[in-house]
Every structure is written in structure tokens, then in C-alpha cells.
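Input: one structure, supplied below.
Order as written gives the chain letters A, B, C, D, E and F; numbering starts at 1 within each chain.
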Amino acid sequence: MSPLGIVKRNIRRADRAAVDRLSAFGVATIHEAMGRVGLTQPVLKPAWPGARLCGTALTVLLQPGDNWMMHVAAEQIQPGDVVLAACTTDNADGFFGDLLATSFRARGAVGLVIDGGVRDVAELHGMRFPVFARAVHAKGTVKATLGSVNVTVVCAGAIVEPGDVVVADDDGVVIVPAAIAAEVAEAAARREANEEAKRARLAAGELGLDIYDMRGKLAQAGLRYID
Amino acid sequence: MSPLGIVKRNIRRADRAAVDRLSAFGVATIHEAMGRVGLTQPVLKPAWPGARLCGTALTVLLQPGDNWMMHVAAEQIQPGDVVLAACTTDNADGFFGDLLATSFRARGAVGLVIDGGVRDVAELHGMRFPVFARAVHAKGTVKATLGSVNVTVVCAGAIVEPGDVVVADDDGVVIVPAAIAAEVAEAAARREANEEAKRARLAAGELGLDIYDMRGKLAQAGLRYID
Amino acid sequence: MSPLGIVKRNIRRADRAAVDRLSAFGVATIHEAMGRVGLTQPVLKPAWPGARLCGTALTVLLQPGDNWMMHVAAEQIQPGDVVLAACTTDNADGFFGDLLATSFRARGAVGLVIDGGVRDVAELHGMRFPVFARAVHAKGTVKATLGSVNVTVVCAGAIVEPGDVVVADDDGVVIVPAAIAAEVAEAAARREANEEAKRARLAAGELGLDIYDMRGKLAQAGLRYID
Amino acid sequence: MSPLGIVKRNIRRADRAAVDRLSAFGVATIHEAMGRVGLTQPVLKPAWPGARLCGTALTVLLQPGDNWMMHVAAEQIQPGDVVLAACTTDNADGFFGDLLATSFRARGAVGLVIDGGVRDVAELHGMRFPVFARAVHAKGTVKATLGSVNVTVVCAGAIVEPGDVVVADDDGVVIVPAAIAAEVAEAAARREANEEAKRARLAAGELGLDIYDMRGKLAQAGLRYID
Amino acid sequence: MSPLGIVKRNIRRADRAAVDRLSAFGVATIHEAMGRVGLTQPVLKPAWPGARLCGTALTVLLQPGDNWMMHVAAEQIQPGDVVLAACTTDNADGFFGDLLATSFRARGAVGLVIDGGVRDVAELHGMRFPVFARAVHAKGTVKATLGSVNVTVVCAGAIVEPGDVVVADDDGVVIVPAAIAAEVAEAAARREANEEAKRARLAAGELGLDIYDMRGKLAQAGLRYID
Amino acid sequence: MSPLGIVKRNIRRADRAAVDRLSAFGVATIHEAMGRVGLTQPVLKPAWPGARLCGTALTVLLQPGDNWMMHVAAEQIQPGDVVLAACTTDNADGFFGDLLATSFRARGAVGLVIDGGVRDVAELHGMRFPVFARAVHAKGTVKATLGSVNVTVVCAGAIVEPGDVVVADDDGVVIVPAAIAAEVAEAAARREANEEAKRARLAAGELGLDIYDMRGKLAQAGLRYID
């Protein structure tokens, strides 16, 4: 009954081509393309400036102060995976450092998103291993209690299924369900094309009020201009 | 009666020469020169390292999850303005991104201070458009509910009148009422000159205890030295 | 009876050779070498990227909004000291800026750790004076109420005795009691050597599950692999 | 593609008998009976002392500062439902007050759980309408932007499917998936029976060390008793 | 130039009759009647259950850890005043306890609103002296640094002018500018009358969807009902 | 070297008579009598209204998500002890509930102070077992990792040695070192007597400005009265 103590070995990862297409877009664009959903809360920060990642979620459910499941997860990594870790309770301990990064990378992982703490951030930066975490904390962890690997988790407020696409950049972290990855990439491309045209008009001094035809709606809503 | 639904078109901006003089000083110096007031709470952070701004406040009062008033504000911008946005409630959504930055810059704005969230921070960095915000969040907003432009607002604990001088750097954000901008610039210059002399003495190993003549007062307050 | 209003002049600083040895290790390594204790809470952040420090604690107990004791502390600094400041209550005011940094450095201090706010961070960066603080805040302070110098303090959750070793880097801040500094340095060296070997094996794709011999314990704990 | 703008009318509610059985147990017991999962984060508090609820989730996804969907939800309520509201972003506005409580009760709702703010708490207390909320805030909301009703939501970190069982008391809020409600009620009953026996032994002065046979494991883990 | 170090003796208090009328309404009603403005942030909590107050603001600007100005304020109290205290920085120390409550009441004050800490809450409850505060903290304060009395302050995000009406209850704290107190009382009465009618209809099972005629707008916004 | 994995059996408890005398005073009074020190941060709240405790500290150092040491501690309790629990990291899990309360009481404990979470608060209220905690959370814990009993701990910012006096009431939690317990009780009695006289004068309308002779000092500090 409980989702604890389980490792799911075979998961359906999002289509690789769709993941590759999504990797070209920023988090804000993808979030908009999905209809303004899919973001984590804005508490996950890059562990080093400029970190960016896009890959398929290998999910981990941790216990507080315990990173045992990170080692179990390592074995399940396939090239292109992002390890996405949640915890059964709020905990900022340093679940992850440069040794695990070395291991994850050796297995093919392209980054980590964790609703918890990490350490060795200078080394992670040196390795250019992308990490997005709630906290930086040197606090060590034990290996004593079972969590799970590849179960559905909630990470900083977002639902993540194993195999979903995870994209993270300076603006945050977005989760794209595997089933709609291609469709979202399509919508993101359309959105970006559309933005390019608007950017040029705005740069020329045109107003959003006119481009988006807002004046009538504002007046109808009762906006009053006074001197 | 309500301050909502209003755009004030004509505001009295602080004297340009005073603004220019203030732009030479840091936020801490200006705050001290004003008698230790005028700061926002220390929750507004630069969206990119090294961002700095100084200009006249064009105020915006936003509704949560809604950036409609940002577009209304764009039309009111005059060269040298800082758009200073508050919200009717705590909200970290991404009210502002690179498109609005493009528009604001095209109209002459020199930066943004917002008690809310922003996105596209990599692009803002690339544009070198200075932004100070409570949060970075990719979360998109709607355009549905009226706020106001150029009304008095409270931004991260500081009162801001339209036309006040806004200065922001790594140390925070300070608001200088338009009426005293010249006077504050004067006091800041005096303070900075005074600090220069002290810096040299301290660098030479002299103690603040002696420079500021504190030993007597400390003794009188009851300070005891023990071995 | 009260620990306020006291300056202890003679403190027993940790052995210099041990401090020097500890300076070679990261905070996470030292914390592990001590048996996973000694860290402050993860709220103290470097005031500029790359700041790092290691030295003997000269402790300061501040009152809220008041940095008088920082000046008293300056006189007690000996070369190699880290000024480590706590406050009698939570307070983020800017207790410290470039003038005090100039003074502290002139007296031989190698950095500051403060459970409070600092300002002039651009100047501190320019000086490359290492500072770890809870907040950056331009808010000025007064000089009116006695705290203490070189009493036992709690700084962001860690007990600090005057003379203890303070090490801070990107991963946090750790306090090593003076009496065990040499022993901890020894243990840190051992730990680091041990990690080097593991890193190579992990980089080669070996799993922590095997290196640390975890499979039996995981099975015993009831871990189930499903497909 | 987006989960916004949808009202699902037919949901499969948990079996009524199972809901009734669960209503006899506390949140902590149910959480343990599920294998230590299912809780929201401990940020949802009763709006008045002693509030308690148990029912089937009618889920609402709100937009910040906007309670339009609460009115849409009212029509979908069936007797025994708990309205369970999440928001697309963190927002503490007062989405709910005594008028909505009157409406919800008239439709058969037995309470509200909301990851947001509520108001009129004195009136809610007077009505004895159970409410668990993140905040109490008089801030009014608009009716302008679509969210959804009866989609999967994340409420204070817990995944909730429409029809799941929601139980809330002084210890927090727990979500029991509809499919396992009967099984969990069974396990909760067993657990409670088991606790009764232990309580008597502990009250008689027996130690958990002996009742749970911990001494050997503690010794094996290396616990040392010193004088 | 600075607003510190000033006591303004003569302030224009809101009309007593308007204050009396406002005292009949809840905070949420008054906030709505003002056009959804005037609230403090939802961080000020009653120091004891059921506390409620309505009066004219005598404002105090405190320094962190220092309650000197509370004594200065006592002399300025007139019957019917609410002492409304802000601080130059975030500080939760216990600025106020039963002795000051005794003094304030003796001078005619009807309560305290403070963006800071208070203590002796059991005694305040016993006295039934209404207090709304950010924190309860036994931490004592000094009397060493000047703030001000009866200057404009920002209290938990709300601007307060001396003489404004302050109303506080379980739902929060609202500030009514003195000049519009009568007008707001009028609007509050209208709103309450209007709500009474709606409450009866909702209690009878009618839906807000119909009472507020929302169905058309929801459809136009694109709401889809699915089964 | 590490303080983990240790149970100290023989501790020197504060003199019983001094504990009894201290139990007559409030936390604020004791804190003042100690010279304004000794408080925890104001994050520990009574688990039920009116809880109050005074006793000798039996300290526990917990690991996150793990309450094993609570059971170890139970055996060390002597009549009159307060179990005072800290954790090696911030963690709000429910370390304590009615079963442990039953056990602790059976061994003679008079209450619990914990920098963590507790559950079963309705039952604790029913038992009238006083508990002060950082959080209420139903989240269960494991029994897997060693902490310690009767070592020095930091609890919500306060240093606690085993045997110190712990007093808690609505105003917070204060720690009185065992060695000065009698002296502090004496000072508290003097302070309370002194306050009684002042209360009467203040109730009669006399001002603190006059009772404490503040007018000269205020003028000297530069306070200006304006009309």
C-alpha cells in the first residue's frame, strides 16, 4: 500500500526527440506553452551560476537526513536522465555532493533537481554538473531508512512521474509530462516565434497597450486617467 | 475613495540634477545621509550580479498574478524613470520578463524595482537591464484586474511617492523623497568625504575606539575588561 | 551573572599549526571528520562569490541594531583571528561594512562570520575580505548598548567558544573546538584520502551499492525491485 | 493539454462506509496506517480550536487573488464532500468566508481544506464549519480567471485526486486515496488496538526500550553509557 | 530631514462618531468597503483569543530592541487611541508588556497594534487589553535610541497616519484614513446589509453562480464541463 | 570526539529548592533577572493553551526524522525533569506523541521542550502534559540512528546543559544555568516586588517618563516636541 521501499526498474521515458526539442527552450516559455502549469515553487536554485539541464526524470523519494536511496537510484540511471529527488518531509541536509555527482555522471545522468540540500558546490561547479536544490548545506546524511525510486513524487509543489521531462534554468524548474512532451515542444516553438515579432515592435517603442489591444478592455474595467 | 483603477499622468519628478548627483553614491551612504531611513526591507535582490540603478519612481500597484498595470505603466514612462512596482498582497509570480524590459527600455526606463517576481533573468542580464525583485519565478500572469499607476505605494516596507528617487545596488534599495533629493545628495557627499579620512586612519591600525572617542562612554556604560 | 558587558582579553586560541592544517580542507570534510557535528545552520552566506576563511574565533555578542561591540572587538584582534559575531536576538541590520573591514584587516583579522546583516558588499568584494552573513542590509546601527567580547556565543545554532577554529566556504560554516583541532585535521586528511579512491571507482562507473556493500542491508530492510 | 478551465462533474468518491470508518481515527494514526505517507506539510491550521473533518475531496484549483472557482465548485458538492482547494501559486488571500461557508454547507459540504487564506473566522467558528487553511487574511479576491474543479491537485505538498478521503484534525491533514480507504481504515483500527496495550504498559512505568526490544540494537549501533 | 527624534503633539484624529460607527464592523467588511485596500499583511495576530479593537492611531516608530518611545508615546495618548507601533527594521523583541498596558490604559488607550513582539500575554489576557503583534517574545528591550511619535509609519505593509482609524479582529488589521472614515462606515453598512440578503439565499441552497450571474462569463472565459 | 552516541547517566541537577522558587515566576521576569539572557528564539509554542512547566533539563540530541533517543531518554528521567530535545538539523517531524508522554510522565517528567515537531496534541491537552514545540506535525519518525542523551545542546538558539532549569510559559522558554538558579530566583523575586509598586503608579496615570526619570535623557538625546 505504501509507496516506500520500492524501486521501479522499467519506466517509460519521454520520447528522446521531444526531450531534445524541449532542451532548446527556456523554462518560462515551456511553462507558458503548457498553459501556465508545471512549475515547481521558486525555491529550487542553481547550485552554481549558469547551471541548466534538460532530461528525463528518474525520481527518488528520500527520508530526512538519509541519502541511501541516492545510491539505489544510481544503478537505475540511463543516459539522459535527470535525477529528481523529493523527501518525505522538509529537510535541507546535504544529501548530495561531488562523489554522487561523479557516480551519477558516470552512469549517464545530466543533472540533479532536489527538494533538499546539497554540498560540495564548488566541486559541482568545477565539474559543471548541473544541480538545482532548495539549500546548500554541508550537513552529512546517513544510510538507514528506505525511501523509493521511480515512484510518483511531489517536488517543491510539482507532481513528477518517472520519465517526465525536467527542464531547469535560471528562471526555475518545469516538469513536462512524458505524454505531452512533443506537443509542448511544438507549442513552445510557436510561442517563441510569436515573441520574436513582439520584441521587435516593443523595441521600436510601440506599446503593449496597442499591440495587445488593451485600451478598450481597460476602459471597460473602469480605468481612469487623471492629471 | 479606493486607490485602485487610477493612472496619474502628471507627476512631479525629483530634480534631474539631484538624481544625477545621487547616482554617484551607494545605497548605504544615502540611507545614512537621510538620517538612517528610507530603505526597503532586505528582500529585494538584484536579478543579475552587479545590477545598479538610480532614477525617478514611476509607481505601479499590481494585483496578485496579474501584470496588466505594467503595460499601462509603460506608456507613462519618461526617460530616467525607474518603474517601481508593489502588489496589493504578497505574490512572487513572474510579473516581468524580457519583453517588458524591452518595452520599458524603449520608453526610457533605467530599471525596475518590484516587490514580486520576475523571469527571463538570463535575458535581463544579457540586456543589462537592472532589476531588483523579491523572487525569480517563471510563473506567468494574467491581464484581468485593475491596479493603479502613479499612486503612493508601499514597496517592501518603504513608502514611495511617484517622482521620488530610487537608488538600488548590492546593499539594497533606498527611496529619497523628491523634495529632499538635493539636500540628501549634499549630505551624502559630506558623509563620503568624512569616511575617506576615517578609512585611512583605520587602515593604519588606529582603532574606532579612539577615533570615535568611545572609551569613556563604554566605561560609563559599565563595560568590564577581564583576563 | 549576565554574560553582557564583558570583554575577555586573554583567550586560548587553537594551535596555529592545527589551524593551518584545517585551512586545507572544505567545510563538509571537516564536519564529517568531527563526527557530523559543528555546523551552523545553512543561513550564513558568503558576501561575495568565492569567499573562504579559516582562523581562530574572536567572539562578539551584539545587541540588535547596535554595532558598538564591533569596535570594542577590533582592539582584541590578533593576527589570524576570525571575528565571529552573534546577536542577543534575530536582527538583520548592517552591523558591518567596509570601514570596519579596513580596521579588522589592519589588526590582522582574516574574515568575519556574523549571524546578522552586513553592507558595502561590493567594497568587501573589492577588498577580498571574506564575510559570511545571514543578510545583506544597508540599515545602519547605533552605538548605545553593551554586549560582550570573547564570551561563549550561539551563532546560527552553533556553540562557539573564543579561540575555536572557524572554517567557512561555499558549503557553510563549521566550528572546531580548539582542544580537538589537531585531531580533526588528522581525521579530515584521512577522510579526504579515502574519498579520492572512491571517486576514481565511481568515475569508472562502479556503484556505491557495491563499493559500500549495501545490497544485503537494503534487502534486509525490505527493499523491493519491481518492473 | 492544460489542467486549467475544466470542471469534471462525475468523480468516483471513496466508499462511504470506508469514509465513515476513517472518521473515527486521528490523522497521525491514519498516516501511520498508510505506511507513513499522505500528510500535507504542517502549514494548514484549523481556523478555530477543535475543528475536525472527514469527507471526500472535491478539488478546486484556484488562481492567485481569485476565488471564482469556489463558486463553480459549490454546484458540484455532494453531501459528505470536503472542498479541497489548491492554488497555482503561493497566495494567502482570503478566498473563503462565511458566505461561501453558508453556501457549501447548504450543498452538503462538511468542511474546507485550503492551501491559501480564509476570513470571517469568528463567523466560521460560530457556524462550527471546519476549515483548515494556510493563513487567515481579510484580503478580498476577484472573480476573473479560470482555474479548475475536480482535477488532480497538489495541496501543501500532498497529491489529491477528486474523491480521495480527506481527514483533518489538530495534528494536520491526511489524504487517503479512494482505492485504499477501506484497507487503511482496517490498518488504522489494528494500529489503535495495538497502541492501547502499549499505553497501559508505558503508564505503568515500563520502558519503550524494553517493550520494543531496543537495547540490543542500540548497543550494536554503538551507544555508550557514561557516568 | 529625518523622521526620527520627533514627537508631534497635535494630531487630527478621525471623527469620533465615524470611529464609533466603524467599531460595529469586521475588518473584512471595512477592507471591502474601502475598495479592497487598507489591510496590514496577515502577520499581526491577537495576543489572546477574541481580542478586538477600534480607535484612532497614535503612531510610534521604534528602534530595534528599544522601547523608549513607548514611554514617550504614553504621554500623548488620548482616550480612544490605539497605540500603533512600527519599527525601523524587522525585530521581534518584547517591546510591550503588562506594565505598559497598565500605563496605556490609564491614559485612555483602547489597545495596541505592533509590528514587533510583546510579552506578558497571560497578564494582557487577564486585563483584557487588546493587542495585535507580530510575535510573542519575552526578550527585554533597552531605552537608548530615539525613534518618533506621531509620524507617518509603515506597519506590516500598511501606511498609517496619526489619527487614522485602526480596526483589528480575528481576520486582521485595517487602517482607515481619517478623512474617509465616515464614508467608509457608510459603505460598510451598505455592504453588510447586502450580504445579509445573500446569506439567506445561499443558506437556502441557491448558488453564487446564479445569484451573481456568473454562468455566462464563465462560458465566455472558456470553462468546459466534462464528465 | 563526537557528541553523538552517548548517554550520560549522572548529571548534576539544579538544586530542587531553587527550581521550586523559580516555578513561581514568569519567563519574562526570569529572563530579566538573569540580565536579559537565556531565552530560546520565539519559535517554541505551547502545544495547548495555558501549558506551563518548570523543571530540570534532561537533554536529548535527536537526528532528523528519528526519535530513537526519546526512548533512551525515558530511562534517564528523574522526577521533576523536563525533557529538552534538540536536533542535529532543522526538522519538524512528529518526534513525540501521547505514548511517549505517557511514558515520560510515568517516569516523573513534568513536560517537554522540543526544537522539532510533536503530534497527538489533543491527547496531550487531555493529559495536561505541558509541551513546547516548534511545530505540530503528524509525521511519524523511525528508530535507526544514534543521537545522545545528556550532552550540551543548542535548542532554538539557547545553550542547555543537562541539569539546567527550564521554565516555559506563554511568553517563551528560558534556560537558567544550574549554578545560578538560586541567585536568579532571588533576583526574580526582587524584580517582581519592584514591578508591583510601579504597576500601581502607572495604573494611577503616572507616566514612565517621570517614574523612570527619562525626560532629561530624552532631551539630551535630541528629542524634539513639535505641534
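Operating definition for what follows: a residue touches a chain if its C-beta (ideal position, glycine included) is under 8 Å from a C-beta of that chain, and two chains touch if they have at least 3 such contacts.
All values derive from a computational prediction rather than experimental measurement.
Trainee: Which neighbours does chain A have in common with chain E?
Mentor: B, C, D, F
Trainee: At the chain A/chain D interface, shared numbers over all numbers used: above half (same) or below half (different)?
Mentor: Counting shared over all numbers used gives more than one half: same.
Trainee: Taking the mean of the CA coordinates per chain, how far is chain C from chain E in Å?
Mentor: Inter-chain centre distance comes to 42 Å.
Trainee: Between chain C and chain F, what's the gap in Å when you average each chain's C-alpha atoms?
Mentor: 27
Trainee: Would you kindly tell me how far, in whole Å, the mean C-alpha position of chain C lies from that of chain A?
Mentor: Measuring from centre to centre gives 31 Å for this pair.
Trainee: Got the chain E residues that touch at least 2 other chains?
Mentor: 36, 49, 88, 90, 92, 137, 139, 145, in rising order.
Trainee: Which chain pairs here would you call touching?
Mentor: A-B, A-C, A-D, A-F, B-C, B-D, B-E, C-E, C-F, D-E, D-F, E-F
Trainee: Tell me, which parts of chain E touch chain C in their complex?
Mentor: 63-66, 88-93, 137, 139, 142, 144-145
Trainee: Which positions of chain B touch chain A when the two form their complex?
Mentor: Those residues of chain B that touch chain A are 5-10, 49, 68, 70-72, 74-75, 92, 94, 97-100, 102-103, 105-107, 117, 119-122, 135-140, 143, 145-146.
Trainee: Under the definition above, what is the set of chain A residues touching chain B in their complex?
Mentor: 26-28, 31-32, 36, 39, 42, 49, 169-172, 174, 195, 198-199, 202-205, 207-209, 212, 214, 217-218, 221-227
Trainee: Going by the contact rule set out above, which residues of chain F touch chain C in the complex?
Mentor: Answer in residue numbers: 1-4, 34-37, 41, 88, 90, 152, 154, 157-159, 180, 183-184, 187.
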